[in-house]
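Common to both upcoming complexes is chain A, partnered first by chain B, then by chain C.
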Partner chain A sequence: MGKLQRILALAVLAISPVLQSAYAETPQEKGRAIAEETDRRDLGWGDSDVVMSMILRNAEGESSVRELRLRSLEVPERGVGDKSITVFDKPRDIEGTAFLSHTKILDPDDQWLYLPALKRVKRISSKNKSGPFVGSEFAYEDLVSQEVDRYDYTWLRDENCGEAAPTRECFVVERKPLYEHSGYTKQVSWVDKQDYQPRKTEFYDRKDALLKTLLQLDYKQYQGQYWRTHRMDMTNHQTGKSTTLTFEDYSFKVGLSEGDFEKNRLKRVR
Partner chain B sequence: MSDVRSGDSAIRKAGWAAKYAHWVIRWRWAVIAVSILLTLGAGFGGQFLSFSTDYRVFFSKENPQLQAFESLQRVFNKEDNISLVLQPKNGDVFQADMLAAIRDLTEESWQVPFATRVDSISNFQNSTAEEDDLIVDDLVPAGSPLDASDLQRIRAAAMTEPLLRDRIISPDARTTMVNITITLPQKELTEVPEAMAHVDGLVADFRADNPNITLAITGSVALNNSFSVSAQNDMQTLIPLMYGVLLLVMAVLLRSISGTFATLLVIAFSAMTAMGLAGWLGIQLTPPSVTAPTIILTLAIADSVHVLISMFHGMRRGMSKRDALVESLRVNFQPVFLTSLTTMIGFMSLNFSDAPPFRDLGNITAMGVGAAWFFSIAFLPALMAVLPVRIKPREEHESVAMERLAEFVIRRRGPIMIGTLALVAGLVAFIPKIELNDQFVKYFDKSIQFRNDTDWATDNLSGIYQAQWSIPAAESGGISDPDYLRRLEGFTQFLRARGEVVHVLTLTDIFKRLNKNMHGDDPDWYKLPDERDLAAQYLLLFEMSLPFGLDLNNQVNVDKSAVRVIATLENITTNELRALDEEASAWLQDHFPSAAETRASGPFVMFAYIAKRNIEGMLTGTFFAFLLISATLTIALRSPKLGAISLAPNLVPAAMAFGIWGLTVGEVGMASSVVTATSLGIIVDATVHFLSKYRRARVERGEDAEDAVRYAFSTVGTALWVTTAILVAGFAVLSLSTFKINGSMGMLTAITLVMAIIIDFLLLPAMLLLLDGRRKDRDAGQAPIAQAAE
Partner chain C sequence: MISGVRIAAAGLCLAAGALPALAKEPNIETSLELGMELRLFPNDPAFGLQRDRAVSPSFYLEPEISADWNGGDDRLTLVPFARVDRDDDSRTHVDLREANWLHIGDGYDLVIGADKVFWGVTESRHLVDIVNQSDGVEDVDLEDKLGQPMVQLAVPSDLGTFSLFVMPYFRERTFPDADARLSGGVRVDDDAQYDSDAEEFHPDLAVRWSQVIGDFDVGLSHFHGTSREPRLLALDPANPSNLTPYYDQIDQTGLDLQYTTDAWLWKLEAIGRGGHGDYFPAAVAGFEYTLFGVRGSDMDLGFLAEYQYDGRDEDSSAPGTLANNDTFIGTRLTFNDVDDTSLLAGAVVDNEDGSTLLSLEAERRIGDDWKVEAVARFFLNADSENGLKALERDDFVSLTLIRYF
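So, the complex of A and B:
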């Protein structure tokens, strides 16, 4: 079967449950079904490794670059979140600092940070996942794996995907965080009808005012199945600051295991 | 210059003016209709008028302090704030119900429109060590038991925390604050009122639920809101008051119902036209510019009064209404035009001011004066031609007082000259005693809630005045460099050692606390980390632990190459602030190579330099106004010599007024910069009237200087002091403004006008007698030829 045909077959398969129940669904059910489908299509990626670079800009036009590596491990059980380690390479004074996170669905994540200058691993009280990640416009909660059960969903409408993918049609889905200590009241996502990947997300703050917009660009498909964005542009409308996160090519199934995501392995991460 | 030729042109002009007067009377209904339509057309623009709600309107886009502050805000965060200052009626802050109330208020404050951050004692991100972990949490978290030991923990942490003490909590633990950071998009005028309305609702609920807690609202958003509150208050009180004063004046002066009615319409039309045009032009109203209608009413009345008094004077001498009206227009056309022109020049020179509200004030008033001129010479005579006027012919007695004054001046010209000059010199000597001060809280009088609340907050917790510095490091990420941190610590200590500094917000306090936390909360480790990597990693760890909205982005730039230091100050004057800025700058130059160029910034710093900048701008403006007005005068009087003599009475009064101010009040803000130029345009009118009558006596009647002075006193003396009285009353009304700048401007102008009339009645005639009177012996009839030969 050719690649194109396979994608087509998958697309038909994917859309069919949505199509079948389209007229019987409530907007809540439809919204959730879209999220489930996104999740379903990403099952089985196993583990991955990617090099990222983060460019922070303020309203004055000043910018600053951070470089980091992200290693992730898929945890297949539905009630348990994925695990990840972020290792900082630049700036030099935080080189080797490593951040380990065990994502939970509704409870606060377990998080540790290894500080090479202190040669110690420190646990972080992660009620605060809503704060800026290394001073950027991304909150930690924007970056962690998007577990389906963390939100309530409502499908709003279908429309063009907008600036991130002007030729595509999108589902527009509102989702409200169910976990405590989120910085948001809601998010509105534009999810591509073809590949079920988010193209744009709007974040609304505690007083329900538009806070940030995220554009997810440069999607590439890996192993014929897994779509990954290679550029994320986050703009804060209230402060005029923005952050661009770019990804080099992903490596999948690099042989990481649960043991590599243990707290006491953090010191040896390179 | 030929007086013969100018005499002819005067007659030609008078002929033209008489023709014009006949034309206006013939087409009276059309003129009335057109005037009303013009007023309505212009006045329609009034719907576009809005009240500005931003203190930044006082600064032009070119203002260097504004530019520096906006740049700093783009690097860190653009911040305005609303501070809710709280004090329990009994006891201190560390009581269970008090802390619970603060915690709830803090949570609710996130809902304020445009709020981007809320800081209080309850959500302070306190870091502690727990075994090997760093715990960062609210100081008063949601589940806190608030029992005796918990209260003790909170008190101990809060009272020793340099980030809180003297800023969020008073040293006596009686008063605390919930500080809401507001990031205004600055797109709509409704933003500030919207945020304030929400806060007012929040505060009303809070007060109802907590009757035992005193709460005051202050901060820069409250300040912004007060500009519009003050301007609207002034609109509602000063303008009706002004109409009342002027009605009274007209009733006494004119003793004519139709004359009063017509004048009332002229001044109302003038003010409406000016304000309407301001609306069409998109001018935003500010406390200074809302004084424009009051000033226009005052200035506009003079034109009408001149026209009507001449007309009634003619009718008393037995002329018909129509003839009296034509004669009045004939004699008044030129003086009314001239005085309007000089007044407009004076007000238009406000465009040289650095503060846009004064430019607006100048332009609106100039438009109003222009409109007043038009309505006085077109609408007024047309209306008077229509309205019934009953004036009984009777003898008018000359003013005995004016004659006595004339004789006194003529007899004692020498001593008067010396005496007035000595008085002038004596008063001018006090000008240096004037201290420029623009403490913006003091702009508002105590009828404005913001002023009372801010005073209370300053007395009980800390001031609203702040100065901030963005301290750059030598390189990207350089704020973690131990050398940088030591110097930053040094600068912090320099600031804290100063008496006027209440509190300093600085990153070094966070570094010291983190270092301590990382060493099991051992107090010996409460010091700066001495390795760059360690400091950077502490900071990373701390940043990763902070929740939404409580990050360090308002203190550290994205490149980690600059830190913002914020000093909260005592209730100091702007002079003292400039001294602090200078000394801080000197300290940085000596001790901090990477920050050697750094100057203080912030709203208070902007106000600290505003008076100076405005005075610099207005020096040029006043000079141009002076040149133009002097040129106008010289042309009008057709005599360079009289023009030169007129300089003294035009310049001296403002100097005397400032001297009196220095002697009595001593302190003045940016209002001072505009008074000289605006009053110049007004006081010159009296000089014009006096000198033109003097010249007419010399040239047309061939009198010597003494008789010419007598003639001037008897013809215009009364009119001059009456006009001055009206103007002084008008500007004195301004001193009732809720906005101090307007009050100072009104008082200074009123004093200048009083000084002007004194100078016009004493120094001016004395100078004429001494400098123009040497040809007393010459045959009077030859005077014009002799002058023409000059």
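So, the complex of A and C:
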């Protein structure tokens, strides 16, 4: 290295903190930008229908199965969350039970439950975000639509995506829930650099101890744009229980509208 | 306009193309629920004619057959029900819980045939719920309903859902056999009398509006027709325990309201009824509060309290009620486990004479296709003037094993 080059290099080093603060992203900005990009790439999916099955396993290896259908509607306004109806087919004693959710960003969601034996629609409290969803290792808050503004983000590092996608590079982003009554202090997500889809998420409980790990597998792209996972493996490290949630093929733009997600429609859902 | 039609048609084609290949129409589904029940009566009966059996077995069958087409917008549903009870000839009965055609049209839903409709929000008493007759032999809580023949039109709109019900045929309430438990020692005549000359063919009408306004769920309804509650008249001078049900023509306006905030559900049901003596109001108001994830577990613990008021005349011009000035307190434990285990315990206490109905309801699934239910009802501290007196020796525990096919 010549003398002049050395001086130049020193000069660059000297002003680099100034450059960083003026032009480079902070880890917070970078984390949020990644979430925004994931969201942007998914805009316009409209509405969808999918058949799901859940296998619940306890620490002794005993398993039980749930079959359900999920119908979702994208609400384009940034300040309003998406809407969904979940209908249960199995186990048989809860067949026909349906769950309607109008997701909010930070306010409590609006939720109704339809009980077919009584033909009764009940408005229920949505405070129960961290409770188990039908006895599984998924909490309600793990399954609702992932609105960007529900979290604060911090980019941590870049690294290999790990077991869910060993050949891919990921952003590792920490996110902290801003909505009330979350069961988590934070989540750490591995977001694929190529398609901006999450491959793995770690959930930390209220004592900041690692509670669960979620692997999102078998991604497929629909309509040339929208990526959807077809297998989610959630493992609870504290109880040894796990739940596998699998999705059959999605149908997009099936013609659902706001009216199909009204409370009074719930008792007509089949 | 034309382009709109084209877009719609293109949309339909896309939607049809997107349907999974397995959607063959009509889509027919069948299922069967089979229940085996044992009712245990620890006390001897109060009335001489009642059979003294400590254990009463029964079983029921409830098949369901449905067929849908037009992507689910047309649906036929058939749900017959039958129970065979060893010790109560009236409880051995059949019913068509549902036998209807549902059509979901453009901006309306239409149901023609026998159906079940529930209105209301409270837990301890269902004041507003009036469309279906109670199947009184099933349980003393009157929550089991007989299928009601009707034409039901519902029109959803931005201003709420407006519904119209025309009910051309009336169903009489079922009562336990006189020599069975829980009969109160009376024989209720099969041959009912009616206020209307058209008797059970009087066309009953109801309208309802319901809407969600932020955290409030509100419903307003009006019913004009045959009262689902009969007056029980002692018309047989030779035997005053032979009673004849008499069904009056009534007008009932109802309001149901729930305010949901945080872990609180605040509930109100209120009615005004004309046709049973003087026009009277009645109401149930209270709350349900839930502690989610008690002590770091997955369990939810709920606390319920409701006040029941009923302003009806306490002479023979209106059917009797237990809920004239009573308080319900209860607790609900939901385990949120794999087997959906839950427990509801509650007591309705008469504020004037202390007569108490204590109830316990528990259920859990076993494996994928079985379920057990336990119900216990105890009639405590029954005052001689209270309607509970007639049941005070009929405390029971019911255990039901259900198999789903």
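As a convention for this text, the second predicted complex is superposed on the first by the 247 of 270 C-alpha atoms of A that agree within 3 Å, B and C clash if a C-alpha of one lies under 4 Å from a C-alpha of the other, contacts with A are read in each partner's own complex, and residues count from 1 in each chain.
Criterion: contacts are C-beta pairs under 8 Å (C-beta built on N, C-alpha and C of every residue); 3 or more make two chains touch, one makes a residue touch a chain.
Remember, predicted model here, so these are calculated numbers, not experimental data.
Superposition model on chain A: chain B and chain C are shown in a clashing arrangement.
By the touch criterion defined above, A:108 lies against chain C but remains apart from chain B after alignment on the C-alpha atoms of chain A.
In the superposition on chain A, A:259 contacts chain C only, with no contact to chain B.
By the touch criterion stated above, A:226 is placed in contact with neither chain B nor chain C. When the shared chain is aligned, chain B and chain C each come close enough to touch A:131.
After overlaying the two complexes on the shared chain, residue contacts for A:268 are found with chain C alone; chain B is out of touch.
When the two complexes are overlaid on their common chain A, residue A:179 makes contact with neither chain B nor chain C. By the touch criterion defined above, A:97 lies against chain B but remains apart from chain C after alignment on the C-alpha atoms of chain A. By the touch criterion defined above, A:249 lies against chain C but remains apart from chain B after alignment on the C-alpha atoms of chain A.
Legend: residue contacts after superposition of the two complexes on their common chain; A:119 is shown touching chain C, with no touch to chain B.
Judged by the document's definition of touching, chain A residues 56, 58, 64, 91-94, 118, 120-125, 127-128, 130-132, 134-135, 181, 183 lie at the interface with chain B and also at the interface with chain C. Against chain B, in their complex, chain A makes its touches with residues 56-64, 88, 91-94, 97, 99, 111, 113, 115-118, 120-125, 127-128, 130-135, 139-140, 181-183, 205-207, 209, 238-241.
Listing the residues of chain A that touch chain C in their complex gives 56, 58, 64-65, 90-95, 108, 110, 118-125, 127-128, 130-132, 134-135, 181, 183, 248-249, 251-255, 259, 262-265, 268, 270. The part of chain C that touches chain A in the complex is made up of residues 11-12, 14-15, 18-20, 31, 66, 68, 72, 75, 102, 104, 109, 116-118, 121, 143, 154, 156, 161, 210, 212, 217, 258, 260, 262-265, 290, 292-293, 298, 300, 336-340, 365, 367-369, 371, 402, 404.
The touching residues of chain B, when paired with chain A in their complex, are 71, 73-78, 110-116, 132-137, 183, 185, 476-477, 480, 518, 531-538, 540-541, 543-553, 556-561.
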